[in-house]
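Same chain, two partners: chain A is paired with chain B first, then with chain C.
Right, the complex of A and B next:
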């Protein structure tokens, strides 16, 4: 049998075995919030969590990333290329929605002739250990965006939480290499696999938030100028909680920081957000998205209209972080309801005519 | 008079009074729109709502999850409550004490005109410290939050926990001396519902004694630790009724004034310079902390500022629209101990 078993008490054994070869990232509690952090001691790894506050996106695409540094030698500028891009990364305990988000990030960072070497190199060197969701939250909706609480897409090894131990499934060649090193893993029995399947089914049936996104995309495409956007933007305060905690938001800004006195500097990129007043502000002073209405609309259109037309898939993985994070509770479910009301109204008018 | 026991009864009473006042204002056309709160879609959440019809009055809500300072909606970057024909609309604002203070303070800075506003006063009983409860519940999903007596009852799958409201109230609410909107006698038509005249506010600032007793090194470590998880989403700024600049110092980009990264120095620069801008202006609503997605508690900074301003200028923000805030004003007797003495 290909499937193996990993005892939860053996996580430290796993960590110690691979830590020299990989930079090991795992869920860790930092000031009360779970996030994916570089682990130096197996004790830091948190196994009991719903999902991380900040998505694991930031391991591959951190909020601040130094693309390169440079220094002056006389009048010459010498670029110091990054050497850490060859490091092997291991991201442990990624939920299926977040693992799927890596696929969406690849869509963006490898689009057409624009190949983002920094991201793609890191992605290539990353091994993802996914983990199934036994208890999706009320704000979760991955099944509505083509996902599943046990979806294995973009993972190399997939774990099912069976109580005191995990069922370990090998998904890719990369995953096979990793599992091969862990020769002490015991073989799974047929019952374990059955148990995992039952958990997957149970999780799938527990979803309370469901959307018909085919319809949403259609309505969005036809209602760019609809007054409903005014209503949607009404209570929004224009912070960036939704975009900064989103696993699929990719917008960034590039800044050169020149340290003239020390004859050196760096080019960095930092997360940008469509909710900021500086977003798409042109040098002339003109901004095509000057108000909350255009900014709120951009976020929704980007995920549910532009992504489907550019990449043939929705730009959302259904993690529900934006639903929970919105400080004024102007959350996605309400926004989608309002958008679908347009269609219902039109249907009603047609029926009356 | 019936003795009111328990949070739920108290909230229901406040809520039904508020709804009647709101209904009256809309019916008699004293206001064009009302800004209030409505029930949220998640436990421990409410949502700001703007209504202009009598039949929507029953959507208005009062409970201990009404965190947002609604005064914020009156100072947007782009003017909002303007009708192309009627001109400026008359706006009713459901106001707990700190919302009332914010409106009055904004009037002192000439940001809003109190003639165009009606304060629907609420005798606020405090809001829940949502983040503290969430952190204590930990990695479990909260499905339902109710009140029982003076306790907040938090329920989820396989767990139920009670939190005494007095203890799990937002820290600033615990210290609050201005629970109903302050009365401005110059504008007798400004108020309906609860309001109160506050002569002088007495505050011992005991709550920050522990922070103040720390050594400079300890304070520095404490501040850095508290702010270390900041993602710079600026929810604190966007929720703050006093942050109404068209372009925030931190967004200045021609040239860039401050680093935009989440490196510690850049985070510190943002929070401490914003704090400086709040001196004598903060109305202690606590919205900045309550909206933080990372659960950062900025209240200790706000309280320290409040104390300095109170001690130095005997000033409490948001009580009188005609008194200029100390940082906007100059008086000959202002202490200037930082100046070098002339011999």
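Right, the complex of A and C next:
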């Protein structure tokens, strides 16, 4: 049998085995919230969590990161490129929706003539240990966007939580290399694999949030000017939590942090958001999206209309973070309902005519 | 392929003040290595992200033509933080360049066509590049008649006086210069660009119009062209938008599913009409 078993109590053994080779990232509780952090002691790893507040995206595409450093020698500038992009990374405990987001990010950053090396090199050097979801949250909807609580896409090793231990499946060559190092893992039995399958099915059936996104995309494509956007934007306070916590949002600002006195500094990129009016504000004062309505519309259109037209798939992985995070409950489920109502109204009018 | 966020380093070779109020300068940049210059293989209408390392980066259209060998030029209006720093730079300063970026004017598709260039104000830089390219002896035979209508608020704002005077002397290009109001000593046209377009009435037969300028000028000039039979497919615009990366990653220059930095900045009016009105 290829599948192995990993006792939960052996997580520290796993950590100690690989920590010298990889920068080991895992869920950790920081000020009451789970996020993926660089682990220095196995005790920090949190195994009991539904999902992290901030997606593991920020390991590969951090909120703030250096593009390059530089220093001045007289009028000459010397650019120092980052050397740490070659470091091997291991991200432990990634949920299937977030693992799938890596696929979307990878395709986005590799799209077109220019390759975003800063992201892609890290992605290439990252090994992902995914973990199936036995208890999807009420806000989760991965099954509506082509995902599944046990989807293995973009993972190298996949874990199923069987109580006191994990079933370990090797998905890729990278995963094989990792599992080879853990010679002490015991072999799984047929019953373990069946138990994992049963959990996957049970999880799939427990989803309460479901959408027909094919219809959503169609309605969006035809209703850019619909007055429903005013309604959708009305309660939004522009806090941008939805975009900052989104595992597929990729927008960033670029800033030079200059240390004037030491004639050196660095150019950084930092997450930005289409929900801010400054995002598109031009120096002349002109702003293509000056109103909230245009900005709210841009987020929804981007995920469910623009992204599908460029990549032939939705720009959303169904993690539900934007639903949980919205402080005014102007959440995606309600927005999608309002959008679908356009279609229902039109059909109703046709029926009455 | 090199990391697209790392700029190529160049040095300021010359600085020319372009207008009377001195808020527009053309900065000429010299590459430090021959290979860097060769790899900067551009066509008119493309732009680059240029930066003063430590102050910031901004997207600027390339004002020089690839036929002017050895260096590249950018015409920069003093507007914000970075452009103001460019105005303070000296000869010999180090400037970072990332590019060429964007699609540029469709120089291949324009072959065999009559070209009508309509420009207003300081948006003339990539038009300068295009006209110089077409007038170059290697390329002139590939293109039909060239008509240039270039308008400014007053005579002090007219850019590139040296090349304009040369073009006026040539018989293979019609140059029509105009300013908004009468001025002593001004011998060319007076009136808004749209009025001059109406007066010149360029024929749409086998022709393409290339328009750059303030939005109000573009709208009124396009109206005049449409009245005399021009089709949306024949009218090309170059858009500006706030940008950070210039390579389709930072997100902000999207118009619907298109990005101005990689799908543009040049779009035909027909293409623009299919896109949401968010630019």
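The working rule: the second predicted complex is superposed on the first by the 353 of 353 C-alpha atoms of A that agree within 3 Å, B and C clash if a C-alpha of one lies under 4 Å from a C-alpha of the other, contacts with A are read in each partner's own complex, and residues count from 1 in each chain.
Just so it is clear, contacts are C-beta pairs under 8 Å (C-beta built on N, C-alpha and C of every residue); 3 or more make two chains touch, one makes a residue touch a chain.
In this text the structure is predicted, and so the values were computed from the model without any measurement.
By the touch criterion defined above, A:255 reaches both chain B and chain C. Judged by the touch definition given at the top, the superposed model places A:310 against chain C, while chain B stays out of reach.
In the superposed model, A:117 lies in contact with chain C only, and not with chain B. After overlaying the two complexes on the shared chain, residue contacts for A:138 are found with chain B alone; chain C is out of touch. Once the two complexes are laid over each other on the shared chain, residue contacts for A:41 go to neither chain B nor chain C. By the touch criterion stated above, A:84 is placed in contact with neither chain B nor chain C.
Of the two partner chains placed around the shared chain by superposition, neither chain B nor chain C is touched by A:21. Contacts of A:241 after superposition on the shared chain: chain B is touched, whereas chain C is not.
In the superposition on chain A, the residues of chain A touched by chain B in one structure and by chain C in the other are 253, 255.
Chain contact summary for the complex, chain C toward chain A: residues 1, 3-7, 9, 51, 53-57, 79-80, 83, 92-94, 96, 240-242, 244-245, 247-252, 254-257, 262, 276, 278-279.
Within the complex formed with chain C, the residues of chain A that make contact are 67-68, 70, 72, 75-77, 79, 81, 108-109, 111-118, 224, 250-256, 258, 260, 265, 267, 269, 272, 274, 279-284, 288-289, 294, 298, 301-302, 305-307, 309-310. Within the complex, the chain A residues that touch chain B are 30-34, 46, 48-50, 53-54, 63-64, 135, 137-139, 234-235, 237-241, 243-245, 253, 255, 257, 268, 270, 273, 276-278, 290-292, 323-325, 327-331, 333-334. Touching chain A in their complex are the following residues of chain B: 40-42, 45-50, 67-68, 72, 76-78, 131, 135, 139-141, 143, 157, 225, 228-229, 231-235, 237-239, 247, 251, 253, 256, 259-263, 290-295.
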